[in-house]
Amino acid sequence: MVTAVAREATTADAARASHIDAMLLHYEVETFNTRYAAALDEQRLNDWVEMFTDDALYVVVSRENFDRGLPAGLIYCENKGMIRDRAFALKETTMFAPRYLRHLIGNLAVLGQDAHGSIKATANYVLMQVLFDRADAKLHQVGVYRDVFRRESGHLKLAERRCIYDSLLIDNAMCLPV
Amino acid sequence: MVTAVAREATTADAARASHIDAMLLHYEVETFNTRYAAALDEQRLNDWVEMFTDDALYVVVSRENFDRGLPAGLIYCENKGMIRDRAFALKETTMFAPRYLRHLIGNLAVLGQDAHGSIKATANYVLMQVLFDRADAKLHQVGVYRDVFRRESGHLKLAERRCIYDSLLIDNAMCLPV
Amino acid sequence: MVTAVAREATTADAARASHIDAMLLHYEVETFNTRYAAALDEQRLNDWVEMFTDDALYVVVSRENFDRGLPAGLIYCENKGMIRDRAFALKETTMFAPRYLRHLIGNLAVLGQDAHGSIKATANYVLMQVLFDRADAKLHQVGVYRDVFRRESGHLKLAERRCIYDSLLIDNAMCLPV
């Protein structure tokens, strides 16, 4: 009888420990996304590039195209070199239309971790923008990140980030990283 | 002396364990809200309906009416059958004005759990919308969820969700579930 | 051999405990921010004032001025008395232009805790507003909180909150607390 009670306690402890582990992983990914947003909002683009693995996929694609399985996107980078190029292109472009950017990332869902330590996750994002000659903040882009994270030397990096935006038409600044 | 120290350590451990439990419950409700938002954003309306208990109350009401204690709302469902009807009505309506929806749910506060396991919570929500013939995302509805959750077979379900929106006038699509 | 394994287990346990502590602190600050937003959204301004320490600094300043190190801001309060004055001034002002406010606070980053228990943190905020004579919600102010928290009788209080908003021009209602 005592053994059954003890076993039950152990099972409850194990379940609790496993919930705590899930919460820790959720917290780790959330922290990553917060640092990611800060790097873009503060235009620390080198820091942004370093958040990807060398072979990372980084894609910005419309919800319409994504739902149809069409790969064509605003941005399509197959490795970190291409991501770095995109960051530098941005640095030149933003000279012409200065603006402030502000990300809000929420609704994070960590979907699971496979045997190799790859972590699948999604999160909704809102990118707000204030142009230097305009008074008000605007919703610039709204969408969902579909991500694969990998651990390198103990730290999370993005192996895949697909930014799937809801907007159907795009203004000429929309090819900003998000 | 040693016993007092040990007792202090035990009290601190108990406080820590209780904080962790509060955080686990917060995380569980947050996860629920993320799945809820995804079901609506991805128009998986059957999944949305299944997140309520059979006797669930689901109400969408203006902040003005709620503050005055007036029950009249845009949507008033007293059980899951009525919620299901509302979901199907939506499916037909959206044919006429196709749009993308995107929820951001934040500022979650778990207010407490009673002896029967009912959990009271609130969260702010922002529902953004992109119409298919418009370029930009708009704030469609902004408000607060006032919720009561109940556990069924180990999983959280909504026994009550009151969506109290700040907007005073409403456009004709506002009777979407939120 | 056994000792090495045991030591490794202990190190892993300590790392896990330290991650949990970080998460508990993050959760505590998040909970504070949620209560802070609710106090403002529900116009409980006395409650809002009580969330600051007696010697608290509360500043609302544009990103442009903050980046240049200019202290000039929309609001500049050096202690709780000034913060209380600001709250009462608000109560009169809002009589003339009634509106609903709704905060969404996200992207919380707890940056660290010093030897005296002061906690540095940042978070992005979005303040949405619905004017009583307008149908739609608008982005009223978007920015970042740069905070220092202090513990008083076990509870967090704001010793410093700098609200750094992205918008460059401001409408006449922007001197609301945020």
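Going in written order, the chains are labelled A, B and C, and every chain counts its residues from 1.
To be clear about the criterion, contacts are C-beta pairs under 8 Å (C-beta built on N, C-alpha and C of every residue); 3 or more make two chains touch, one makes a residue touch a chain.
Here the structure is a predicted model, which is why all the values come from computation and not from measurement.
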item	value
Superposing rotation of chain B relative to chain C, computed on C-alpha atoms, to nearest 5°	120
Same or different residue numbers at the chain A/chain C copy interface, by half rule	different
Chain centre separation (chain A, chain C; CA means) in Å	24
Shared interface positions of chain A, touching two or more other chains	20, 23, 104, 106, 126, 138-139
Touching residues (chain side chain C, partner chain A) in the complex	16, 19-20, 22-23, 26, 63, 104, 106-109, 122, 124, 126, 138-139, 141-144, 166-171
Contact set on chain C toward chain B in their complex	20, 23-24, 27, 31, 33-35, 37-38, 41, 100, 102-106, 126, 128, 130, 132, 134-139
